[in-house]
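Going in written order, the chains are labelled A, B, C and D, and every chain counts its residues from 1.
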Amino acid sequence: MLTVENTKAWLLRFAEKVEANKAHLSDLDSVIGDGDHGNNMARGIKAMQEALESKEASDPADVLKNASMALLSKIGGASGPLYGSAFLDMSKQAKEDASDVSAIFRAGLSGIQKRGKAEPGEKTMVDVWHPVIKALESGELTTDTITDAVEATKPLKATKGRASYLGERSIGELDPGAVSSSYLFEAWLEGED
Amino acid sequence: MLTVENTKAWLLRFAEKVEANKAHLSDLDSVIGDGDHGNNMARGIKAMQEALESKEASDPADVLKNASMALLSKIGGASGPLYGSAFLDMSKQAKEDASDVSAIFRAGLSGIQKRGKAEPGEKTMVDVWHPVIKALESGELTTDTITDAVEATKPLKATKGRASYLGERSIGELDPGAVSSSYLFEAWLEGED
Amino acid sequence: MSEIGIVLSSHVSELAEGVYKLLSETAPKVSITYAGGTDDGDIGSSFDAITQAIEENEADHILSFYDLGSAKMTMEMAIEYSDKTVELFDVSFVEGAYTAASLLSGGADYDRVIEQLKPLIIK
Amino acid sequence: MSEIGIVLSSHVSELAEGVYKLLSETAPKVSITYAGGTDDGDIGSSFDAITQAIEENEADHILSFYDLGSAKMTMEMAIEYSDKTVELFDVSFVEGAYTAASLLSGGADYDRVIEQLKPLIIK
């Protein structure tokens, strides 16, 4: 069940993790992209934090919508419209039913895929969202699921996003967006304890 | 027969005509291009005049080569490398044989075509150079030949250069480069009187 | 003014401005607006800047062009939030936008522009 | 530094600089030089500026990209006057140059770059 409070708390934990790993995210991105994913995400979550503090939210859907707008407007990279779409569609689903968390995350994934057209296996954030949501739906989500999903992006060849320009050369590295997405789910799990 | 003197005099007459018709050339170019052909040519022939005055020339081939370099460096539009190639190849041919003027012009045309890959009928300067040289070779070149060649570019559809982006819409207008080329040949004819 | 406008979305402010200049020279009567880079002037795309480029365009029917994928996705979001009719083309950025601008400036109609853009689809 | 360099030739100074920035972000280890506009800063191409971009590039083997036809022809003249090996690609300007820069930066070899540029040929 999402509430205004646990949603805010979750997103703030997410923000902390991104902030703490900003340099790591950019390093990953500099190998198979343009090296800005950490900066992009840090800019986005800063705006998100400000929005969470300053904007009224009468339900968790509002919280998610405010986060969406901040991430969309401020990230500045491909991950901006992707996280923006994810949170927008999570917000819509939360409006319908704030109790079904799996369905909310599932809506987020479908927002990402609607926007970015990536299927699992293309070495994007989808490769974390997809297995994590499956595990969540069957009640088996652990930090291992998340870590494994991130690791599994290494051998993949990128066929979406900037890394796809590298072709075979993208093999052997973690996908930066997969890593930042893992923070979102880890932050969620920590609230479930 | 080309000499240093008659070559210089011819090119200076060409320069005068371009200067006098600068606005006209740009107007024509603004209809089916980007409106700069007059400015481009004026910039080029100014540099050419300066080169003709300041640079030593021991034979007509040198004169043509100096003109080539000035036009190539300063015109700034498609007509730069085209006139530059024309004069460079005319210079090479004049080096071989300064007495055969038709062969010199023929070399100029082949320089233009090597560079721009245009065939007659594509609504470019080639549509003036080609019939004019044919007339010259058969000893029948008159100002009418030149005027007719220019007029004949009107109904053509451009398939080379910027005007080609207009497709059918390029039909019904004179080609600016055909007009500037006509000045070169009129200036030549005036020296033949 | 042409009834159809053009919006450019690039990752780099200079790139957007440069394409704008190239197009404007040949198509002074087409409304062309652009967004380039993030709000801080970094390389990236700005939802707000793209939205503004769409809104400031004098036309209600807009053909839009982008350089790389993320400028496309941000543009798509902006399109969803806009009331105007904005079409996004997966064509070569500079050449596609230049073709559209030339044709619109020459008075070509919508169908003709679309037809000429087809061979430039590369994304 | 990659052994292969990239030279950009555009009609507009900002456009050349913008593409340079886009490429440099992703390919800091590739020598990329550029020429844009005429010597007076107008829209057009400069033989001298293109020649300089070729000579100043740290590589002797260069892949070159241009926006419109006249930048191509001026580049061709500059290539004829240069001692370096400069290859000119009739590909989409921004996307082609970005593809080449990414691949070179990732350590791809010449053949791989050529192969990836093929689908981007549009001129």
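Please note the rule applied: contacts are C-beta pairs under 8 Å (C-beta built on N, C-alpha and C of every residue); 3 or more make two chains touch, one makes a residue touch a chain.
All values derive from a computational prediction rather than experimental measurement.
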| item | value |
| --- | --- |
| Equivalent of A-D within the choices A-C, B-C or B-D, defined by over half of its residue contact pairs recurring | B-C |
| Euclidean distance of C-alpha centroids - subunit C vs subunit D, Å | 23 |
| Intercentroid distance (Cα basis), subunit C paired with subunit A, Å | 29 |
| For subunit B paired with subunit C, centre-to-centre distance based on mean C-alpha positions, whole Å | 36 |
| Touching two or more other chains - residues of subunit D | 25, 43, 68, 98 |
| Interface hub residues of subunit B, defined as touching at least two other chains | 34, 36, 162 |
| Touch-based graph of the chains, sorted into line, ring, star, complete or other | other |
| Interchain contacts (touch definition) - all pairs | A-C, A-D, B-C, B-D, C-D |
| Of all residues in subunit C, those that touch subunit D in their complex | 10-19, 21-22, 25, 36, 43, 67-68, 92-95, 98, 119-120, 122-123 |
| Complex interface listing, subunit D residues touching subunit A | 25-26, 98-99, 102-103, 106-108, 112, 116 |
| Residues on subunit C engaged by subunit A in the complex (per definition of touch) | 38-40, 42-48, 68-70, 73-74, 76-77 |
| In the complex, subunit B residues that touch subunit C | 32-36, 162, 165-167, 169-170 |
| Complex contacts: residues of subunit A adjacent to subunit C | 34, 36, 39-40, 43, 72-82, 84-85, 115-116, 160-162 |
